[in-house]
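Below is one structure, written out as structure tokens; the observations come after it.
Chain IDs A, B, C and D follow the sequence of writing; residue 1 opens each chain.
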Amino acid sequence: MPTISGKTVAEHNSRESCWIIVHGKVYDVTDFLDGGSKIILKYAGKDATQEYEPIHPPDAITNNLPPEKHLGPVEPDTVEKVVVEITDEEKARQERMDSRPPLTEILNLHDFESIARQVLTDKAWAYYSSAADDEITHRENHAAYHRVWFRPRVLRDVTNVDWSTTILGQKSTMPVYVSATALGKLGHPDGELNLTRAAAKAGVIQMIPTLASCSFDEIVDAAQPGQVQFFQLYVNKDRAITKKLVQHAESRGIKGLFITVDAPQLGRREKDMRMKFEAEDPSVVSKSGSTGIDRSQGAARAISSFIDTALKWDDLKWFRSITKMPLILKGVQCWEDALQAYDAGMAGVVLSNHGGRQLDFARSGIEVLVEVVENLKEKRGLSFPNEKFQLFVDGGVRRATDVLKAAVLYSFCAYGTEGVEKAFQILHDEFEMNLRLLGAPTIKDVVPSMSHIVAVPGDSLYNNNYESLKYAQLKGKL
Amino acid sequence: MPTISGKTVAEHNSRESCWIIVHGKVYDVTDFLDGGSKIILKYAGKDATQEYEPIHPPDAITNNLPPEKHLGPVEPDTVEKVVVEITDEEKARQERMDSRPPLTEILNLHDFESIARQVLTDKAWAYYSSAADDEITHRENHAAYHRVWFRPRVLRDVTNVDWSTTILGQKSTMPVYVSATALGKLGHPDGELNLTRAAAKAGVIQMIPTLASCSFDEIVDAAQPGQVQFFQLYVNKDRAITKKLVQHAESRGIKGLFITVDAPQLGRREKDMRMKFEAEDPSVVSKSGSTGIDRSQGAARAISSFIDTALKWDDLKWFRSITKMPLILKGVQCWEDALQAYDAGMAGVVLSNHGGRQLDFARSGIEVLVEVVENLKEKRGLSFPNEKFQLFVDGGVRRATDVLKAAVLYSFCAYGTEGVEKAFQILHDEFEMNLRLLGAPTIKDVVPSMSHIVAVPGDSLYNNNYESLKYAQLKGKL
Amino acid sequence: MPTISGKTVAEHNSRESCWIIVHGKVYDVTDFLDGGSKIILKYAGKDATQEYEPIHPPDAITNNLPPEKHLGPVEPDTVEKVVVEITDEEKARQERMDSRPPLTEILNLHDFESIARQVLTDKAWAYYSSAADDEITHRENHAAYHRVWFRPRVLRDVTNVDWSTTILGQKSTMPVYVSATALGKLGHPDGELNLTRAAAKAGVIQMIPTLASCSFDEIVDAAQPGQVQFFQLYVNKDRAITKKLVQHAESRGIKGLFITVDAPQLGRREKDMRMKFEAEDPSVVSKSGSTGIDRSQGAARAISSFIDTALKWDDLKWFRSITKMPLILKGVQCWEDALQAYDAGMAGVVLSNHGGRQLDFARSGIEVLVEVVENLKEKRGLSFPNEKFQLFVDGGVRRATDVLKAAVLYSFCAYGTEGVEKAFQILHDEFEMNLRLLGAPTIKDVVPSMSHIVAVPGDSLYNNNYESLKYAQLKGKL
Amino acid sequence: MPTISGKTVAEHNSRESCWIIVHGKVYDVTDFLDGGSKIILKYAGKDATQEYEPIHPPDAITNNLPPEKHLGPVEPDTVEKVVVEITDEEKARQERMDSRPPLTEILNLHDFESIARQVLTDKAWAYYSSAADDEITHRENHAAYHRVWFRPRVLRDVTNVDWSTTILGQKSTMPVYVSATALGKLGHPDGELNLTRAAAKAGVIQMIPTLASCSFDEIVDAAQPGQVQFFQLYVNKDRAITKKLVQHAESRGIKGLFITVDAPQLGRREKDMRMKFEAEDPSVVSKSGSTGIDRSQGAARAISSFIDTALKWDDLKWFRSITKMPLILKGVQCWEDALQAYDAGMAGVVLSNHGGRQLDFARSGIEVLVEVVENLKEKRGLSFPNEKFQLFVDGGVRRATDVLKAAVLYSFCAYGTEGVEKAFQILHDEFEMNLRLLGAPTIKDVVPSMSHIVAVPGDSLYNNNYESLKYAQLKGKL
């Protein structure tokens, strides 16, 4: 394929013909302008790599743009540099970055969230922290844990306490894994690799996301020998693409496939949507506002439009035919679906509402757990923990009993790999302490009679970190 | 009828003889001075149209003033212009009006309320937002929805989702209709016509209020061919008037008659009442205060004094004899009355507490719905949804599951017809999203087992929009 | 008895010999100096009337000081005038008094409380508003009403609604009476007479307190012909005094005797106690603090020390032997005691916790009512309302369903007799409205199935009026 | 042992060889530098007495440092004085100390806490007030009491009320004892002796803590003839040390041994941990932060590292063999363990979660009490109160029904011995009042039917005293 000069590219800078350069290659994205067109037009005819990279998985273009729109490599020295000015706001942010307290002062996972909120770009914070509609489910995820109390036992030998376990048959030093989250480079230039490295050190399993900022192979390559990784899958309408992805993952040694079933469509996340307006030039927005074109859900829709909204129970047979990896459904929210997953030969389910980012008023995983355990016992005679059919819960965790993906995100955003290591260290300390004080030498000794459900005083740390939703503002207030 | 000169009118400017001009006609309102006299006296002998129009239905005078007090047309050029000065406050308000964000930035129905609160006149905001006594019911209407959670299902084909339905046999693109609210011109010069136009575009049914600012025929005339409209009825003590209204409505093609049964007397709404004091000249108020004349409930009483406080179950037979339109009782609040409505041959009931504007501590419609469904099943074998006896709920809705009349009001106050269209668009997007995430391809697939009732974290958007009641103030603080 | 010269009195101005003048008579109060001594010493040898009057019932001296300490009349012109300077704070208060809004702007009983808080002296506000310990019961009294919701009925003829009733066989225009509260002159120079006059106009019954600022006979004399009054009794250790009081009340036409049974000792009310410290000279307090003399409960103890802590069920027979008035126990707080009262031939009980001013964590009357009705039905076959054994509830009421003594107090403090009349007018309007909206033509139509108990959104008006308790302060902050 | 010159000591001032002087004796603490090393290094080669004393029990060195590291007495005049500068902050604190209100203005135990918070050093406040993790249990301890209401009785003779009782067979003027808390000298130079003296005056029993600032014998010597004392025991891994302690206690007349069973490891208390960072030089912290050495839990770990994490039920037999004192388990948190304690021949249990300072989400003692009473009745036929097996509850108390150790601490921190006396006086007054108003002449008359459990309005005093947890801060904000 012949190279193209920067000058030629620069001529295609309009809605009628819009070319962009990403990582030295030229793409014709004219047909792509429906959603999010304005941000793309800003880079029409230019090198968009810097803007593009943190918010797109590396193969987003390949997967979404037909081959004939891949125009070929650009002649390197012919491209005009895009000069990004550093705003006063960005300068202030970088100063805050330099003022981060040392890791020794980070006492709990809330601290990472608090620091991240101050040192992330507004765009990254909005993307990571936002959730669906009124963010009721998002907050309930945490609040639900606060309704569960302990009934500790005394006078047991707790000199040695052990909270290691196995997950899908793989050893883990803690009863937690690192869940999948998209767009890791928004928070730190190394993106998901921070998680890979810290997980190796801590002996914890990492789940690689479909929508990672780093490519799948980069993340697998970064793993230590013997380090266990899982893969989270958004199923593509084009099953050939999905088949290739799954079989490639298996060939690279992935030990479990987590199929996301709670996201046929990306949730509306208003904090994130409002951020997009503020980031743009108000006068232009105002004008285009009156044209009635809704560009508000651009990026999110673009990167997720491949997800198959027609995925059905019947499709699970096909997955069992293309891979031997254990299959887990991620996003189950009631006992009926957990039962059906068991009957369909799944290795487990993640009781999850996608961190409150999809359907608002979905219940917390911890609450769903109770009904799933009861009904699978009653209807299939299962008891838990159960190696044959494992139950996982995510969302809302801030203390040792579990670990929230968002909390891990915040730890690397604020401090990189060392931050994630510290997060695991905190969980380590909390597990040790709590097992001792519970009188439970191992996690198998943590039995149902040690819990008790009732209401609770407010959680200062969580509540103060929570950033209230805001309304649309009069323009003078922008 | 001969014309009257403006000069003659101007002579009748006292409590003893008080004439006013409205839309070019002269009326003797001397006998009308008991309630709200001060505001009327301000226009005695003058053209009161500008003040009168937004807060009175067009036929208020005709219905309430005996024919002999209709004195005839005024000679147009003889009337002195009433000069309304624009206060600094009003200027500031108009500036805020110019600063409204574009509609693309309006993400939810709360946004309309927040903007409306800033751009409406104080009088309009007080009238629309106020509710009875301590506004407990008003807030409970919303809070009650927040006790209901979802139990979504996964792995169903939700590529095509459909939330259209039929209401009283009429097609509707959404399971909602535009409910009736009074005095639409307070918020926008086109009043209820904004709703008619947007409803047409959205394929939604509009209910025309008895106390509209526009006349019934204006609203019907504004409808598109085939557009469905309902009529909301306050029953007049003079049944001949009611009969005329109902039969006229039927002849104009109205498809359902909603008889309001929860308002034998207008509720005391203290925000609205306090606004009246503030709007008036404090020194005069102070003086008249000591005369002991209570003018605080003037306008509201005046426009509603015709409502029959003696309306009884027996009267429903008479309604069935004068019209073939389906009859619905609006304002039922317990299962006993819903059952009696069914037995009386009604086509349905609206479980409503009048938006919390009548009896404080009445329960929310969503809570009453549960007992109605249970008892009608047990005692009459009915199952729901039921085409023969439909149940509607209003009050407190802000998100897709329903649509609040107030929310719609705020959308046209802030943005006119385009605002209402946007409100429907938001509901459209929310319905689409939620059905997908619920795993329910149509609204019939939304079954009781998908819900679950429990307490919930606070609703930031709603709570911040809610304006606390205030006390009487020392005069220095006015 | 010979007159005493002011000069002679002035010589008795020390702890060793302390005489004071009240209403022209000289008293030797030397033996009285244990409690509250400092405030008394301030007036030693002087005319204490102005300080004494608002905080003592007129016969407090007669009842508490042995006759030999009544030294006789003073020679009028020989007494040195006590000059009370008007502080800046007092001037500001009087300005606020002049800025009260006209009564037409008072929309509810909360308004009276809000205005009273601003125009009362600090001492009066502290005395009226304070309650026991953490004021939990005080606030629960109001909060308990907010757990009760309505189930209104529709399509009943509510043109005429009637909320009159009979109380102990006496007619009352409303289902409420004015309860007894002490020290009315603290708030208004006419004290309890404001209540007598307004009660006459409104057709409501007044209960005269033992510890009124006005004398019993003054209050009875102020009544209109036929106006009904009750009497509230604190029982004296000296039964002869009690017998005289009771029989005098009966001879003056009192129609019911309410014996207070919840106050063997006056509750600790910390707001009131803190006020006493602030009112005194800080340097002196500081010194006397180190002497360890506790003067904090002075006045309250002094006026209530006569109350018999040994009053028992057996004593009720004696009461029945000395009067034919119906006897009611005021302050019953559980069904067991209500049952015993019935068995002892009482005419009724007031389910009351003394406005939350006695035992903190006592329950609200409305909550106790439920268990009393259930148990008296089950154990004695009584149904309610019941003319033979009437149940009353007080405490926490702000809206029409009941009337709080405190709310009435605030109305006359802020506006005198006209204020109380307005308070009754507000209740009148609220009763009329609520009966109509409930679909209940008379109060007998308000049946249990019209209520429903559940939690509720916050009460803005009540909560904002509630003044948080404060801690002891560092001296610099006084 | 020969004396050592100050000059020689001064040479051992590094991490390689670190000697310190405490109370005139030289110790080699080089091997002790792992935890909390920085604070120790600051005093390397110097006299550390002033820093050491308030935060260590007097025998901490003896118990923890092997005898060969006790180097002998220092030559007194050869030691260089350590000059401690008084910071501006400390000056301001001492001014606040001088501004304390007189004790007569202290109305309740909350007041002591409020004053102590203002006059304690930051370090002392952080140590005393901090609790585990999110401090949920800490606050629940208090909140739980607020769910219990009274059902008082009337018309009983309450002239004489009596709340004295016996505890483990010993007379007590109140149904409370002074519980054990560590490090009393942090708050007041006389440390635990304040409690001994005030307890003597009030006729209340004191429990002596293992980790007192004063030595065990000092505290016993300070007791009045006949004054009863208990002993709280942390069990040492070296049972010989424990045996010596226990038998010495018994020989000195101690009447009960409270074995702590809820602290195999000291809880993480983040307020306290954050205080340590702030107290140190930020630049050094920042550097050492990157070395990854965690010194945050230094002192607390050091003083508690001797506690035996392997203590088991079987060990109780051994305790019964070495002492005849009644044995009580302190820190039981469910009925199963209370039952086992009864079966193991214990004299009682303290239902306690260590003031919320150990396992967060442990339940309050008052809540555990209910299940213990029920199950011991059902399974062993016990009724309570029971002289053979006594139940105690601690944590969260602020009013008369019980007395919180922390509240007592705050009273002596702010006012020394007189403060504690006043605290007992307040409890005395509250007991007297409450028994009267409950209609219960003695504490045996306070029966279960006098209570009732339900939710409650907020506790202003408690909530305002509660200091919210804070996050790690950007350095600029230190």
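Keep in mind that, in the parts below, contacts are C-beta pairs under 8 Å (C-beta built on N, C-alpha and C of every residue); 3 or more make two chains touch, one makes a residue touch a chain.
All of these numbers come straight from a predicted model, not from anything done at the bench.
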Open item on the list: Which chains sit in contact with both members of the pair subunit C and subunit D?
Closed with: none
TODO: Give a one-word verdict, same or different, on whether subunit A and subunit B use largely identical residue numbers at their interface, taking over half shared as same.
DONE: different
Task: Most distant chain from subunit A, judged by the mean position of its C-alpha atoms - done: C
Open item on the list: To test your reading of the model: what rotation angle superimposes subunit B on subunit C by C-alpha positions, in degrees to the nearest 5?
Closed with: 90
Open item on the list: Please tell me the distance, in whole Å, between the geometric centres of subunit A and subunit B computed from their C-alpha atoms.
Closed with: 44
Open item on the list: Can you compute the centre-to-centre distance for subunit B and subunit D, using the mean CA position of each chain? Integer Å is fine.
Closed with: 63
Open item on the list: Which positions in subunit A are in touch with at least two other chains?
Closed with: none
Task: In the complex, subunit C residues that touch subunit D - done: 133-136, 139-140, 143, 261-262, 264-265, 267-268, 270, 273-274, 277, 285-286, 288-290, 292-296, 309-313, 315-316, 329, 331-334, 336-337, 340, 358-363, 468-469, 471-476
Task: Residues of subunit D touching subunit C in the complex - done: 96, 99-108, 110-111, 114-115, 118, 146, 148-159, 399, 429-430, 432-434, 436-438, 449, 452, 454, 456-457, 459-462, 464-465
